[in-house]
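This is the structure I have questions about; it appears just below.
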Amino acid sequence: MARQSGSIAASVSERGAHRAERRGSALLDVADLSVTFAHRGAPTVHAVDGVSFTVDEGEVVGLVGESGCGKSVTSLAIMGLLPRRGVQVSGRAVFDGRDLLTLSDDEMRDIRGRDIAMIFQDPLSSLNPIVPIGVQVAEVLIRHRKLDRAEARRESAELLDRVGIPDPQRRLREYPHQLSGGMRQRALIAMAVACRPRLLIADEPTTALDVTIQAQILELLKSLVRESGTALIMITHDLGVVAGMCDTINVLYAGRVVETASRRPLFAEPRHPYTVGLLGSIPRLDGAREDKLRPIPGSVRDVLPWPDGCAFAPRCDRRVDACVGEPPAMTAAPGGRAYRCVNPVLAVTTPPAALAKEQP
Amino acid sequence: MIRLILRRLLQLVPTLFGLSLLLFIWLHRLPGGPETAILGERGTPELREAVRRSMGLDQPLWVQYGRFIRRLFTGDLGASIQTKRPVWTEFAERFPGTFELTVVAMIIAVGIGIPLGYLAARRRGTWLDTLSVGGSLLGICIPIFFLAYMLRLAFSVELGWFPATGRQSVGINATRVTGFFVFDGLITREWDAAWDALWHLILPAIALASIPLAIITRMTRASVLEVLGEDYVRTAQAKGLTQRVVRGRHVLRNALLPVVTTIGLLTGGLLSGAVLTETVFAFNGIGHFVASSIATRDYPVLMGFILIIALIYVLVNLVVDISYTLIDPRVRVR
Amino acid sequence: MSVLTPGRKVEKLDRLAELAAAPAHERGASLWREAWRRLRHNPSAIVGAAILGLFVLVAAFGPFFVPYGPTDTIGVASGEVRPAAGVIPGPSAEHWLGYDHLGRDEFSRMVVGARQTLLVGVVATLIGMTAGCILGGIAGAAQGLGGRWGRRVDTVLMRAVDMMLALPSLLLAISIAALLGPSLTTVMIAVGAIAVPIFARLLRGSMIAQATSEYVLAATALGVRKHRIALSHIVPNSLAPVLVQMTLTLATAIIEAAALSFLGLGNPDPSTPEWGKMLADAQRYIEISPGLAIYPATAIIVTAFGFTLLGEAMREALDPKLRT
């Protein structure tokens, strides 16, 4: 299925219309995804332990959590980029009606880069050091859009220009080590959007960059996504990033989603104690000097395995007896919210859902 | 670029200088004194004394060294005690054979080693991988001359598939042009001569290639494993590129960089291995002559050949170094 | 010929040296314990150690149990062995590996030969290690700690090492052996010389990595004398890569010694059994009795292989990132 390059405006309005019509079926529906690592001589690691979330056309979804909570592994599993040895993947990841986890290697190779694209954390190590930038951009175009070399070169220069790299013609011949960190990440973004994918996954795209460059890259991502109607999964540990960009946010802890909410409600009224802790631990510029910092006590290692109860329980100040013994189920709340807690933080006016519903 | 080459050549000078000094001292400290270089170990004391004087050995040492260096520059490496011919002539005559031998050995080592190392890395943990690693560790533990003898015993003497000695069979009438027998056969279109010469090369080349093969396999495997874990390979896969492109442009191009440098270093091993292999197969190359000159105490040949080989080795490594800067853009001088 | 090419191998050993440069308290002295644990479970380490153990046992105690004297030419005396006529009897009930070309019992010679072979390998390795470590240690310490004058010392010493590396290893050994004349000590010195540049580069790398490491800076800032730093910190940390290299050098030393014997530069005394010499001597009779070459060759190969396995396992155990 070759993608034609059409005009931007047409595809955006097209997507807008689609979105209104297809509210029922999401672009990407991840259901109960689990990834287990088991190597000889090492204990089994449940990196991802039953993660479920959805992404609609054109939506920006955030996957937020600390290091080691499984957010990167989730995205790699969706893309089919996890190694074969010692890795077990189960669950479903339905994209456009097809379960990505069941597709063959060849089929996944067609989808990657064309329908779903990904950008990674470290732009320097993510680029082949001995191949010119131009070639690395062009190869995506040649592979999926079947352009010939001359056309691919022209298009590559345009793409580099679109992502804000000055003097793109010269850059085509240069090597990664000759570019700055921000420009490298822009080049990687160019490679990702080259074939106008319907879904873009960004795994900590700004973590390795200077703070000033971070803002630029995020703005670039925002504008690209708006222009082309591409859906975006934003993986990050930085709540600030999430606040500026995401429509829906999934908070992950110990390999499972513990809260899902739209942006405003999440920041205004977080339900899960972990989310509350995360938001509360951000130092405030307008706070008084004597205000103490409020970190979440304990560390990521102080975890209870999910089958034995709530993984966050050891660190939670709202812990009750019901938290230990059985894993809490996802509770649905009005407005598309959900949280996995038996003793959530509730605003006085909003009662919890009467029935706890298991949400896939 | 030119500056880089010149700089590297300049760095060579003290090394070669020191080497020649060492060889000069070596020649002087030989059992029997430098007159052994002319007389061997024969001769009455009076004769030896006369030769010493004629060689100017009564002059101060630094004068002798000066003369030594001057003669080196004119290509005069003395004459073989055995054959009485100039050392340089003996070398030039025998060099083509060894050259062909080392080239074929290198082709075998690289042609098998790189694909094998790559496959072992891709199928890590399988029997192919274990066998390759084990085999390459074993390969460096087998004495070359023993391997050569066993190959010869099995395939030449017992099975008769290959010729047992020499560079060309007795019956073949070949026109000699350059001294490179296979090449000569090709350019004079004497196909049977070329084929025959090639056939003579195969067994010794296999024996000679055993150690470089082991090393290249190991290196390639290690390098490919390292590259496979790199982020840019993951990016290439995330772009949905074909397996061929990922393998060729992203994996191999990076993985083979260190292997290329190693090939330069391996030529030294090939040259010294040739000494042993050529002896076993009575192959008329420089290695065989070195071995026989050890037995006959033909010191001028020994010293001359070793000096030339050292020079070749150093130059080959220089070429490899320089070509590395051409291949790896990170190292390029702006 | 040396085990692996100097360039790549030195890179790896440099890395190992760098890692070992982490101060003891940082890793809780558990580098050794961790390494030991990994080593114990590594199958190649077990095989290698077993071969090594067997070899040492045979070398140490074997000669007391051999059925015949290794130099008794009984076969010739009894007329059973007539090499000129092409008769060298092979294995039999009384002579498990048959006779050699001088009528001696091959099995006894093989057993007794283990001792001599071990001796040659160990001494050659020790010579190479000592000379190389002194050279490299001084160069590295001078470069790291000595300032401008120290850097000159380093350059000069490394040029000397480069000169040794300009010759392929066997040819270097041949030059030295030709100079010194054929004898057992010659072989040990010549083979040891091959290892000198390897150890020199190794130790120099280790010294430099440590001299520029932060804990040395800290110690200097605290006023600890330079030679105390060198002795109590740097030396123990360099031990690991040197041990690994020693094991690997032992493997190839035996093979290179055999090559020298083959070329006639070894011990001219035909009576002392030494596997390399036995292999070299057997070449002439290979068509009559290939076993005479195969037995010592197999022994050499197995022993060298065992050492190599052990050395590689040790290297892996000391730094998993170097795993190949």
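Residue numbering begins at 1 within each chain, and the chains themselves are lettered A, B and C in the order written.
Operating definition for what follows: a contact is a pair of C-beta atoms (placed from the backbone, for glycine too) under 8 Å apart; a residue touches a chain by one contact, two chains touch by 3 or more.
Note that the structure is predicted; figures quoted are calculated from it, not measured.
Between the chain pairs B-C and A-B, more C-beta pairs are in contact across B-C. A centroid comparison over C-alpha atoms places A as the chain most distant from chain C. With each centre defined as the average position of its C-alpha atoms, the distance from chain A to chain B rounds to 55 Å. Chain centres here are Cα means. That of chain B falls 23 Å from that of chain C. Against chain C, the residues of chain B that register as touching in their complex are 14-16, 18-19, 22, 26, 29-31, 133, 137-138, 140-146, 149-150, 153, 157, 211, 215, 218-219, 221-222, 225, 258, 261-262, 265-266, 268-269, 271-273, 275-276, 279-280, 290-291, 294-295, 299, 302, 306, 309-310, 313-314. Residues of chain A touching chain B in their complex: 79, 81, 85, 108-114, 117-118, 120, 122, 125-131, 135, 139-140, 143-144, 175, 177, 188, 191.
Of all residues in chain C, those touching chain B in their complex are 1-8, 159-160, 162-163, 166-171, 174-175, 178-179, 181, 251-252, 255, 258-259, 262-265, 279, 283, 286-287, 290, 293-294, 297, 300-301, 304-305, 308-309, 312, 324. Within the complex, the chain B residues that touch chain A are 124-125, 230-232, 234-243, 245, 249-250, 253-254, 257, 327-330.
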